[in-house]
Amino acid sequence: MKYNINNKGYYGDFGGAYIPEMLYPNVEELRLNYLKVMQEPSFKEEFNQLLKDYVGRPSPLYFAKRLSKKYNTKIYLKREDLNHTGAHKINNTIGQILMAQRLGKKRIIAETGAGQHGVATATVCALMGMECIVYMGEIDIARQAPNVARMKMLGAKVVPALSGSKTLKDATNEAIRDWINNPVDTHYIIGSVVGPHPYPDMVARFQAVVSEEIQWQLQEKEGKSTPDYVIACVGGGSNAAGAYYHYLENTNVNLIAVEAAGKGVNSGKSAATSALGKEGIIHGSKTLLMQTNDGQITEPYSISAGLDYPGVGPMHAHLFKTGRAEFVSVTDDQAMTAGLELCELEGIIPAIESSHALAVFGHKTFKPDDIVVLSLSGRGDKDLDTYINHFKL
Amino acid sequence: MKYNINNKGYYGDFGGAYIPEMLYPNVEELRLNYLKVMQEPSFKEEFNQLLKDYVGRPSPLYFAKRLSKKYNTKIYLKREDLNHTGAHKINNTIGQILMAQRLGKKRIIAETGAGQHGVATATVCALMGMECIVYMGEIDIARQAPNVARMKMLGAKVVPALSGSKTLKDATNEAIRDWINNPVDTHYIIGSVVGPHPYPDMVARFQAVVSEEIQWQLQEKEGKSTPDYVIACVGGGSNAAGAYYHYLENTNVNLIAVEAAGKGVNSGKSAATSALGKEGIIHGSKTLLMQTNDGQITEPYSISAGLDYPGVGPMHAHLFKTGRAEFVSVTDDQAMTAGLELCELEGIIPAIESSHALAVFGHKTFKPDDIVVLSLSGRGDKDLDTYINHFKL
Amino acid sequence: MNRINQKLKENKKLLSIYFSAGFPKLDDTVSIIENLEKNGVDMIEIGLPFSDPLADGPTIQASSTQALKNGMTTNVLFNQLKDIRKTVSIPLILMGYFNPMLQYGVEAFCKKCQDIGIDGLIIPDLPVDVYNEKYKAIFEKYGLINVFLITPQTSVERINFIDSISNGFIYMVSSASVTGSSSGFGEAQTNYFKRIADMNLKNPQIIGFGISDSETFKQATKYAKGAIIGSAFIKHLKSEGVTKINNFTSLILR
Amino acid sequence: MNRINQKLKENKKLLSIYFSAGFPKLDDTVSIIENLEKNGVDMIEIGLPFSDPLADGPTIQASSTQALKNGMTTNVLFNQLKDIRKTVSIPLILMGYFNPMLQYGVEAFCKKCQDIGIDGLIIPDLPVDVYNEKYKAIFEKYGLINVFLITPQTSVERINFIDSISNGFIYMVSSASVTGSSSGFGEAQTNYFKRIADMNLKNPQIIGFGISDSETFKQATKYAKGAIIGSAFIKHLKSEGVTKINNFTSLILR
């Protein structure tokens, strides 16, 4: 297992649990239990049943005919946009809410950027009748208004994060503070493969259903279970982790990770962590992050709230450092154009996060018989205003 | 076949094609071809493939545990909200775009109320690279803004209908006028089981996939393929037609059709066609409609744009007249409350249309071991503003 | 003999005018009819307004809406027309959508028409086959001629069928289009006019849709027995009122 | 002997004060330290500001943010402190998050601390086991005491383990909570204080979080060797400035 986690909670040099003592009991409880719980037959059964009947899995693997024709290669879209609540995030929140129940927790907190994870968390809390508090940066509250409305409808309390860049990083700080203040009955549902061990691994395992399905779906469609490429955008890295998971150790499968270059990698307004980041600690994990020479975390920027994060999960730091995955940066403009192209060619409005992954086709040439699987991590309903304003439609 | 269409295009007394001569060639071409085309293996294959990989079918049949507990019966939700574009409407537009292609059409027109059918039409037009014009009442353009934005993103032209009540009825008038003016290369994708024969039957057949799936899904879950009740809201009646289809002739299955009572059936602000309507002609079909003694069509009202229509399809008129289906009217307030309840109990935000169906549980008592299947025809993302304003969230 | 058949025998091109009853004012109906006859119009289609006139263009729609607002109903119209035959002798045709007739009762409606002296009906959304099966006998019982439409897209077989069941004239839609939308006729349309003329149908044809002035009237009547003007006349009524109808008709008939 | 160990031997309850370096003004650091010593404070935690201080409450967060805006960096702080041992002799502890130290280089950071005369470090997000495996040797090489935290939720085994690897004092978080959030101690907390006191650990305990006035200071030091005040002092600095530190300390120590 070169690319997966080791038994100390590290991916190569990255990972671990760099947390204040106040979080230790909760994180340790989780660390000791998560694998055991996930292996319980009753857990598996409930998880799989909810993924099927509630989330709507398997999500289709859709051969995008017109997009493929345009780029002269074979493009399959993994349709996480069709999941209940509209993104891959729900795979993880279903898993974590079942985990929280088994650990006897009563109160759920979460951070959110694009609001997809917040909605997915509010959703599972409603489903299970649990209290839900979601922290969200003030800027993200403004730019992802539909998701804020959805969380309210679902009975969650949305608390604005007012510090720092007022985006995902700061919402995460606030969620961690809440957890520190509520150490007994609260479970923190982290929304990506970030945070202290065992979160990155646990979230990756819940998202692994994505590549598990890709395997048999490709087998059905192409007579082989492995694609030549898997492309995914990386905010924290959970949709990518899910799409890569079963291919991590198979180096015949090329992994492409797409980060948000904002207004340009070197513009000072970017969230391209692998290009700009250095090793360090963020939100309890040793990984790559954008920071000053002095070790202060830089305020990131991206038009996409879900990618507007100055770090990546430790798995991705490792995939970058080892060269296992190719990292690509895509600007706001390139992403928006790629998103509109998908609307026009395939009738699918992608989340702006996913549009970043789609922009790879404008950057990189694939061979006509390459099988390219792209993680369409979410739908763009939350982003309509941003698209409409951008293109003055 | 007591409840299905006869070979003259009638459901009992209802149906037919009351159309001006200008529409005759198009409607006749469709009438002569629709069954033949639908039976072609290549049509079936393409239709089923797109339903699976693009729309995300089968849509789950979800056992709603907490809702069932609250109402002390067994409630299954048929999750059409999880379809691509967020409602059952896409089942029909996929079918019709393939039909239009086989008839050699180049230009697509549609009417829309809630915008779901407009989005579903714009979507399949993008998918097939066809021109798309959607007529939508000015009032609906305002109250379903997210769907207007989606249509624009998908490259469709949205034309406001400014006459009459400026809602679905008037959008339909405009679409028919467009078709009259463009008799050669245009196909009109009607969005419900309304309009002249063969539309009601064709749309019902495309939507029949819903009850086809319910049959085997119930078999899997309950060991029998028939529920005791099927509940669906009725605007034009397409989601109901789809959910009833394979149960029409099996009178052990009780059918419940839910209409919008607006501010109250007798308030003068309502769209409860079965309660208030009389036999007549609307949009080319003999059916029940709300009208003055003088035969002028009444302007309907409902908080739900998709139910704000003064008629029902001829199948439903027949189901009403024969007593095969029980018709229930639900007010704005009752629907909104039922919608919010689903959010809070199950983590699903329903379209306000579907909320009308959900309100039946507040009206009618079911037995603890009754199997009740409810057509959750769409998701409520388009309705967030209406919900938030209604409840002052 | 029905006034329509009589009129069709006259050795001239016929000018027929459509207007929406109850527009511009509720009570203008009779005076419009009388004025039209006085000014040389050969035949009149009296529009019974409908809330959802899906085969009509914006001008006629708007006039229908206004007429309904003014209080027009089927009963009001019948009442206005009850003495019309005391003053008017040209053929009068009621034109309207099927639903209001259905609500009135088709037989009662037809009987009332006969009582008043209406000569025929044009019901765009009553299909030929339904008419033939269910209503033909009733129409004939009350001496009403039912007029059917054909369009450039209507097949030869269907035209022949329509001809066979018609006993007045055929309403020939100039282009497949809602009323009031084109201006002037192009080659496609004149070819179509010729094509139909060459069929030598038993019923004469009167062309409607897109006739707005003396030029289009002449173009149309070169191939057909007559032509119907609707939207252009309603526009005139709207801007000039009921009293200056001669200004309109004289421009067409000059 | 390390100044911290020396201080802990004194037969008195210790008052320790935390402040964020660079707040309110960038260059206030040295004068705050000197003033605190002058006014009877026993030990000082100098906060190295961090952009994302996730274990801190709003007051300390805000002071860190202001300090960073003022231009505070690791180098600036080391520079400000380079002559501190010429004027100040009480124990000085640097408190900060791990990332800035990591970027500086842990060994270089520790060496610099020794050069300046820093006695210990508190790094809330450096876990005990990582410290133990990777950094203990370095800290010891430069004579730095690393201080660990315990909370009401920390298990007995873990407390014993932390005690075993500590060689100064244990930072006892009064309640599991970010700084500056509670006011006054209830029964749960005093029970916890007693419970820990009864464990007779080899390292003395100093209680932090929620100490804001003489009353909470007395309550805490009834069970522990000393107490740390942070947020309350920063609020005082913010409203009263650097020159009136005696007003604050005298209230606590009266």
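The first chain written gets the first letter, and so on, giving A, B, C and D; residue counts start at 1 in each chain.
Simple rule for what comes next: a residue touches a chain if its C-beta (ideal position, glycine included) is under 8 Å from a C-beta of that chain, and two chains touch if they have at least 3 such contacts.
For clarity, every value in this text was computed on a predicted model and none was experimentally measured.
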{"item": "Steps needed, at minimum, to go from chain B to chain C via contacts", "value": "1"}
{"item": "Number of hops, chain B to chain D, where each hop joins two touching chains", "value": "2"}
{"item": "Whole-Å gap separating chain A and chain B, where each centre is the average of the chain's CA atoms", "value": "35"}
{"item": "Distance between chain centroids, defined by C-alpha means - chain C, chain D (Å)", "value": "96"}
{"item": "Rounded Å distance between chain A and chain C, as computed from the means of their C-alpha atoms", "value": "66"}
{"item": "Residues of chain B whose C-beta touches two or more other chains", "value": "none"}
{"item": "Touch-based graph of the chains, sorted into line, ring, star, complete or other", "value": "line"}
{"item": "Chain-to-chain touches, reported pairwise for every pair that qualifies", "value": "A-B, A-D, B-C"}
{"item": "Chain B residues touching chain A - in the complex, by the definition given at the top", "value": "52-54, 56, 59-63, 66, 79, 81-84, 86, 122-127, 129, 146, 149-150, 152-155, 340, 343-349, 380-381, 384-385, 387-388, 393"}
{"item": "Chain B residues within the chain C interface of the complex", "value": "16-22, 24-25, 163-164, 169-170, 172-173, 176-177, 180-181, 183-184, 278-284, 291, 293-297"}
{"item": "Interface residues, chain C side, partner chain B - complex", "value": "50-55, 57, 61, 65, 68, 73-75, 97-104, 124-128, 130, 148-151, 153-155, 158, 173, 176-178, 181"}
